[in-house]
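Across the two complexes that follow, subunit A remains constant while its partner is subunit B and subsequently subunit C.
What follows is the complex of A and B.
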């Protein structure tokens, strides 16, 4: 489905994350839902690149950024392999002076075909299929990361995610035994990521967003929906103003300071 | 200045404004501007020293002689003869005025001289006290003979320091201080009373908080203080009443609970009716028990909560009668719900006043009263279940805005399950009876029947 996502981002240091969670609990009137997701990021590659897993020569950086595919699945359930992968293709957020960030996203759930892997109880999941599918679209695996944290729902409309990220180093070439690359990388990536032992970054990212369905399947006036969504986000911003600053320009700043 | 000899042929062109008509009185008026005349005369004649009486007389005679000569060529002899006559009285008047003014002038000069002499004497006397020699030379003999030399002295004086009268200061200070102390005393009394009232109020609020009520800060247009949430919004209710009451303090410091809107008085009552002699008669009844007495604030809050729940329950039931209309459920007069059930049973749900709940308990102990009680309890529980369902819906991750939700038909959450469960038993019984009959018919025709009954 094609969505328009209105977002506000913020960052919270580790020291304050308990306060933030209790504040959000109070505001939304609910206990936080646990979030544990494994994200894989695929980049497009030109067909001429042979063998290498990482595109050393590829499209220009800005184009690359705009065309990444983020695939994620929930690990919070009892059986890791039972949840299906969700593909998200985001675009670059819209420019202009706005109160909220507006971004168009395409999202779909990756479902394996019916005649495939009916009795797949031995733990191997459809990650390999995923890799092969994306390879067919000329996308290769670039890196992956884990995301864990909490989720709140505000006003029946705004979703607030408070999460930590754990970047994972992609498997090196020498770690992959000879064989079907995609399948093996997939197996390696899917199996070796253990949330319990992963090292998470200290900063918690607060992402408050409203998803609006666009396209032929949606009902209602688009502008009106955007207006309602923006209003709701601004109401949230006002309510948590003293505790969390959203949007926090600092975390969206890609520049790096020396010495810090 | 000497004027050249004038001839009759000379034409006079004057640069000065023409003089006014000759008026005898003007001679006097022109004489009044002494400050202008004197410098003019001084310019004409050099100084007053050159002005003597004899010279002036000669000039006057010369002027009077010349004017008749000038007037001679004129053909008016009458004017020429009358003019000396006019001039003569002018001159006498003139002389008289002149003499008077001269006398006045002399007098004034004399007075001025006198004043100057007196001033000189005074200063001399003053000096003589310090320098006798310098003073005596300038003193007048008259003064010397009457006043001894050096008898007038002078000195610089310093102004005396102002001596403040301490008693005046003290008086004012005491008055101010005592007024201030009175005010402070009164204020402290008032504050002490206020503190006692506030303490009482907050103790009562603490009791309410300890009892488990949810308190919140209220910011209403006419009230700012503590409020208590006695409603079910946090439990998932979507009723129009939010159930927030304010905790106010009266003049004595007592806690006063003020609910929004009118005070509720209705409770739910369930009646079981069966037909008797062709008419429906009430055979069992149960009304929710809510404490009607007005007790302390905690009791009032509980009472408000219970009554709000009853209100919401009846509202939901009344709303669902519309959905269950196909099953015969009706709403009469807006406050009575009739549910017909199989076996000629009828359930009536209505709201009655608080006071009436005790009056109508004469049918206690009967089996239908037990049924009525069970139905009432079930209705209350189903409303709680509805609240819980709303809460879960509110907490779940929402679908994107604009997603088509296929909820076009409202579901009956309270009456629906109740009616179906009450109606299922007779229907089940009749179904079993039918199947048993069929089975016996089939058995009689020697056909094997395999029965398994899952109910």
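What follows is the complex of A and C.
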């Protein structure tokens, strides 16, 4: 589905994160939900193919840029391999001076495999499948990270995630023929990312966002929703104050330059 | 105001050569320009709404320019003017127009004007003296003109105001943050366990990174500890360099 995401970001040092969490609890009137996700980022290697994953978004439909893909799944459940992967393709945020950041993203969830093509009987990890799928689209694994923290819902529309990230160094690879690389990386990545042992950054990132369905699935009242969403975000900003900023859009640019 | 020579009636019987026409004409020109610009400035100021300060400033600059041109012209013709004597012709009706005659030929300035001239001369002398002092002190010929003291006082006030309106502390360097964090970590474990947050064993990173660095990592894979100089966009296919 095509989404328009309105966002505000903030950063909280670990010394203040307890305060911020209790403030958000009070504002939203709910206990925080735990969040634990594992993100993998893939980069495209050829422009023509990556274009196939971009349905037309807005007036720049003919401009198909190569973007990195972020795939993530929830690890909070008891069994790591039972959750399915969600694929997100962001584009560079909209330019112009505005109060919230606007970014068009495309998101889809992989349904759990039907198992017939899979050799694994115990319904285990379909990470390898994921890697093969993306490789078939000419996307290669670039880096991955773990994300853990809390989630709040504000005003019925705004989702606030307060998380810490744990960047992982890419797995060590020796001389391996290209065909097997993905499997090994997948195995490494899926197994060795243990949240219990990971080293998380001290900074907590606050991401308050509203996702609005646009494109072919939308109900036609996008502008109204954008307006309301912006209002909610600004109300949140007024309540929290101080920690929310809008970073430079160049930092959030997921595009990849494909040299020939 | 500057003293003005009376207009000369051209009498063919007179010797025209003795009248310093050129000097008088040029001075008259300068004076008329000056009055023109002064009138414009006065009209601007007297408008129902005051125009923006840039307009007034440019007009004022023009007036100053005219003034300096006038003083230059006067200086140029100083010798000629000093030797000039204005006197009424025999055909002038002195008895009827006594008052007019005395008004035209008066050279004495008003007390107010006199005061201005005196203070200007004093100021000039002071400047000259300071200039000489500076020269002798430096011993070379390239001394800068001194600024009056009250300008320094004014500048100090401005700086103080600006300084008070900014926050100077509460900002820590990276090292201070690190040492703070290590101090906090010992207290942090007790905090996190009491707050019931996620599993204890995950050790916390040791250096605070900025929001920009984190987001840049998320979207582009640039190493988190890489400082944000300006906007660094990583468009390479692979993420963090593989070792």
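In the analysis below, the second predicted complex is superposed on the first by the 202 of 260 C-alpha atoms of A that agree within 3 Å, B and C clash if a C-alpha of one lies under 4 Å from a C-alpha of the other, contacts with A are read in each partner's own complex, and residues count from 1 in each chain.
Definition applied: contacts are C-beta pairs under 8 Å (C-beta built on N, C-alpha and C of every residue); 3 or more make two chains touch, one makes a residue touch a chain.
Bear in mind that the values here come from a model prediction, so they are computed numbers and not experimental data.
Look at A:89: by the touch rule set out above, it reaches neither subunit B nor subunit C. The larger set of touched subunit A residues comes from C, when the choice is between subunit B and subunit C.
Shared-chain residue A:210: touches subunit B; no touch with subunit C.
Contact with subunit C, but none with subunit B, is seen for A:202 once the two complexes are overlaid on the shared chain.
Of the two partner chains, subunit B is the only one touched by A:229; subunit C is not.
In the superposed pair of complexes, A:34 makes contact with subunit C only, with no contact to subunit B. Contact residues on subunit A toward subunit C in their complex (touch as defined above): 9-11, 13-15, 18, 21, 34, 36, 39, 41, 43-45, 68, 70, 90, 140, 142-143, 145, 148-149, 165-167, 169-170, 172-173, 195-203, 205, 245, 247-248, 250-258.
Residue ranges on subunit C touching subunit A, taken from their complex, read 177, 180-181, 184, 188, 191, 195, 198-199, 201-212, 214-221, 223-224, 228, 231, 233, 235-240, 242-243. The touching residues of subunit B, when paired with subunit A in their complex, are 234, 394-404. Within the complex formed with subunit B, the residues of subunit A that make contact are 1, 3, 28-30, 33, 151, 153, 156-157, 159, 210-214, 217-220, 222, 225, 228-229.
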